[in-house]
Amino acid sequence: MKRNRLLNFVGKQAAKLIILIVVISMVAFFLVAVSPIDPVQMNTGQAAYANMSLEKRAQLEEYWGVNTPVVEKYTNWAKDIIHGDWGTSLRFNQPVLSVIAERFTNSLLLMIVAWLFSGVFGLLLGIAAGVYRGKLVDKIIKGYALTLASTPTFWLGLLMLMIFAVWLSWFPFGFSTPIGVSAAEATLGQRLYHLILPALTLSIIGVANIALHTREKVIDIMESDFYLFALARGESRGEALRHHCLRNLLLPAMTLQFASISEIFGGSVLVEQVFSYPGLGQAAVSAGIGGDAALLVAIAIISACFVFCGNLIANILYGVVDPRIRRGHGLG
Amino acid sequence: MTCLTKKHILEIENLSVSFLQYDKGMRQRSLQVITNLSVSVHEGEIVAVVGASGSGKSLLAHAVLGLLPANADVSGTLRFEGKPLTAASIAALRGKGITLVPQSIAYLDPLLKAGKAVRKNKRDAGARKKQRELFAHFQLDPATENLYPFELSGGMARRVLLAAALMDDPRLIIADEPTPGLDLELAKKALADFRAFADQGNGVLLITHDIELALSVADRIAVFYAGTTVEEAPVIDFEAETTLRHPYTKALWRALPENGFAALPGNQPYVKAMPKGCPFGPRCSLFSPSCEGEIPLKTIRCGTVRCIKATGSVEV
Amino acid sequence: MMLEAKDIVFGYEKRRPILDGFCLSAGQEERVALVALSGVGKTTLCQLLAGYLAPWSGQITLNQKPLPQKGYCPVQMIWQHPEKSVDPYLRMKDTLAEGRGLDPAVLEGLGIESDWLNRFPGELSGGEIQRFCIARALGGETKFIIADEISTMLDPIAQSQIWNFLLEEVQRRKIGLIFVSHSEALTKRIATRKVTLAE
Amino acid sequence: MALADLTVSVPVLAKARRKKLNQRKKTIVVFLFACLLLLGITVGGILAAETAVTADLSQKYITPSLQHLFGTDQLGRDMLARVVKGLSTSILIGLGAASCSAVLAILLGSAAALLGEKVDAAITWLIDLMLGIPHIVLLILISYALGKGFWGVTVGVALTHWPSLSRVIRGEILQLKETQYVKTARKLGQSSWRIAVKHMLPAVFPQFLVGLILLFPHAILHEAGITFLGFGLPPEQPAIGVILAESMKYLSVGMWWLAFFPGAALIGVVALFDLAGGSLRRLIDPHSAQE
């Protein structure tokens, strides 16, 4: 019985994911195909393009697949992907899979650090603000979070670069490794050193949302009937908060934090661009600018899968932590 | 029967509660929801405060426990076992001397198991033993302590809430509408539990809209009208209209389905448009201009009444 | 004209009916009290009888015909919680206009004061709103009234006010009344017949 | 106040915290102030359009001074004028795109709630799909499909921002459909149209309005972000994203003002929209009457 339910759940989620991938790949292909941008022109430059012989141009157009109809392109791509071939990134002149593999590890590192940091600090700040509602602490935290919520991620990145890399020279001016050292040769220490500024930027922005949300939740709890009953039974404010707050907070905070993966990803695109950090986001930007269809489609799929996994983990954790789901209706 | 020989547990005198609110416009005004309310509970007694829902009586429980929101003004004299209370001493009494039995399961933390909730998260053996004894006393299966609130049935939830209230040996229980949602059988069982608690020399302040239920269990009834108690009388006085003191209580009596079902015209005054003096004045057959002045509390035949026309004699 | 329920089966969770094989038949001159233990779903039953819910199987008929799905329903229900059954954004006179409209005799009979008409529900007490709900349900085509604990939250005076009016109205207009109340005294006073639901 | 002059005989057990300034009045003032300021910036940008693109090579790289409050850039253009023009463009694009998005949101949200289970399932699925791809990736794709530039960014922002508001509106309408008063109205013979106009519109409209205003800041931030990445407005237009992208080249030589002021000004505008939305919510929401 239980096993069956588990299988059922896994099957359902897998089907959802496959449908998601198919639809997104189609949408992405369609969007790339209707674009008026000519990849040949984009990648050779204005002057070179004008001076190019017609044969050369035709050859390049062939290479970029400019004249292949979109349906044919898609079916070719789909056939290949079933065999595990994600195509070739024309921009990077490498198999898409290897570009993504390298970039994704870089991005993942960045995002995980930022995600954990913003989650923990956001929660703490939110609790502090909620508990001391209306007091100075609350006003400062609220002000901080509201300001950050309006701050463009990339501008904060620029500011960090300016202060910590240019003026103070504490941190390097971008990239994931020292200049002249390839990713394979760089030590872990070097990589972490390069990671700090972008990760910090991403975390500082990420804190805002979760802090504000947690604050609201704390206030909700402090106005709830069960909190009132706890007080009526003689628990002090501190006891009542300890007994009833954290547990009721963690669930929504967790959901929110997993749901924010999409935003952290979006933020990482901008931050990577600012810090010239060779992650997936930066690859997406150059694929978009250069009209690198295969890479763009692959990144869309990977990012969607990433978000999907985040939501899935949130759902599963919810089922494990929340007794109403665990004992009530079970998974799915 | 002699009056007031037993020791007081709780005395409430001239309790007033008002809220600071904004009108539709931009004026800040204070809205008086409870005015000069007086009621007392003696040892071994269940006192019911009855009144229509929305008349502000549920605020009474929160006011006594000092749990009203920050925009409330509360004033009045409270005495617990003879000692006057201050805001600080009220806080110290919560859960120890006075405890609340709330009206529904919403007052339990949805993520806390029943046993743990009753023990207030305490893990020591003493608390655990006491909680198990209470569960056994209320005929709750020992497995109940591992259930979450959403898994409790209506009757179980009521007993869990009661067990929670009794955890710290209170002297007084304030029960805020403990019976809605329960059918008559369950409601009677709930009230029997309160009776048993009171019979051990404790007090119960029962706040309810259900006069039928109140009459069947309480020792004394305080009648709540438009934010104040107009009469406090032993339950036996409700057996006939003539033994009651206040014109409103009499009208109430006449309106009961078993006593004639007679409707008195008019309505309770709106909180923003209270009449001067006696709130019942506009509907009262005995009304005279002097009713618009201050109405003192009178003691007549072991009961109190807030009416200048009330006399000690029993009209026939 | 008879309101009939035949073999009603209904529940909220799959395979867990809370009503199984319920039957009832009421005439226009009857005042039927529904009595049951809590948890049996009296409110659910009321909603089924008034056509708010569709039974899993069995049928509710008025005059041998199913209740109309569109237009004015001759079976009207009055809910237990008046403040939930009126739109908080509408003035009371607009709420009233949806049903019977302004009939001075009804307003007077129910003790509705004229300045209440321009108020919003938030500015009235539950007992006051309930009077509007009763007035609203007494449209010209109403043949049956289903009353679900309509006076539970009211003080005895308000209770007797609204019931006295309602009883007079249903007797005069030959409207059938099916009601739920947990008060034995009230049931004894009003009902011509008592139907007990078994678990 | 009746309770202010309480005598000693009646002890005060709790005292309401009184606020000096009337909160409601303050909220209205804040709302109007935010709206006026935003209007001022928009108009100012249109007036400053000429100055913003006028190059004066004799005035290159001037640090902020009284003459050029925000300094000048590599072509000697006044940064203040460029920033105001950029903000004005951002506000206009934000307003346009967010409004389109909000209209989409209300259409799809109410369609999902009102047109039956199948439509609901389809629209809910679409919402989940849209929320399943990171905004920025979708923006890059849409902008690329439209050949980048003004239309790329406007359509992109309009097409990506409706799902969450749509979900709110759908939920609200579904909840309204289940209320006793709407069900009763139906039994009283009220037509669907009348129910929609009388019961649903007044309840959904405030939510929609607040949702719309709170969409602006998102739209503006995304517009700036996507332009910064090179998918939005063309480089010759003084948009905040363009200005900041250009400033990156001069960052390492210490020309901080090229990056600092445009970004700070953008925060100001976004915060103003947030302020306007937040105060409007407080004015409309009946629950905040006691605050």
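We just call them A, B, C and D in the order they show up, numbering each chain from 1.
Convention: a contact is a pair of C-beta atoms (placed from the backbone, for glycine too) under 8 Å apart; a residue touches a chain by one contact, two chains touch by 3 or more.
No experiment lies behind these values; they were computed from the predicted model shown.
Taking the mean of all protein C-alpha atoms as the reference point, the chain centroid lying nearest to it belongs to D. A count of contacting C-beta pairs for B-D and for A-D identifies A-D as the more extensively joined pair. Chain centres here are Cα means. That of chain B falls 49 Å from that of chain D. Averaged C-alpha coordinates give centres for chain A and chain D that are 22 Å from one another.
Chain A and chain B have Cα centroids separated by 55 Å.
A list of each chain pair in contact follows: A-B, A-D, B-C, B-D, C-D. Touching chain A in their complex are the following residues of chain D: 129, 131-138, 140-148, 217, 221, 224-225, 228-231, 240, 244, 247-248, 251-252, 254, 256, 259-260, 262-263, 266-267, 270-271, 274. Looking at the complex, you find that chain B touches chain D at residues 14, 16, 18-22, 26-28, 30, 32, 63, 66, 68-78, 84-87, 90. The residues of chain B lying in touch with chain C in their complex are 50-55, 153-154, 180-187, 209-212, 251-252, 255-258, 261-268, 270.
On the chain C side of its complex with chain B, the touching residues are 36-39, 111, 113, 123, 125-128, 152-161, 163-164, 182-186, 188-190. Residues of chain D that touch chain B in their complex: 1-3, 6, 10-18, 22-25, 28, 289-290.
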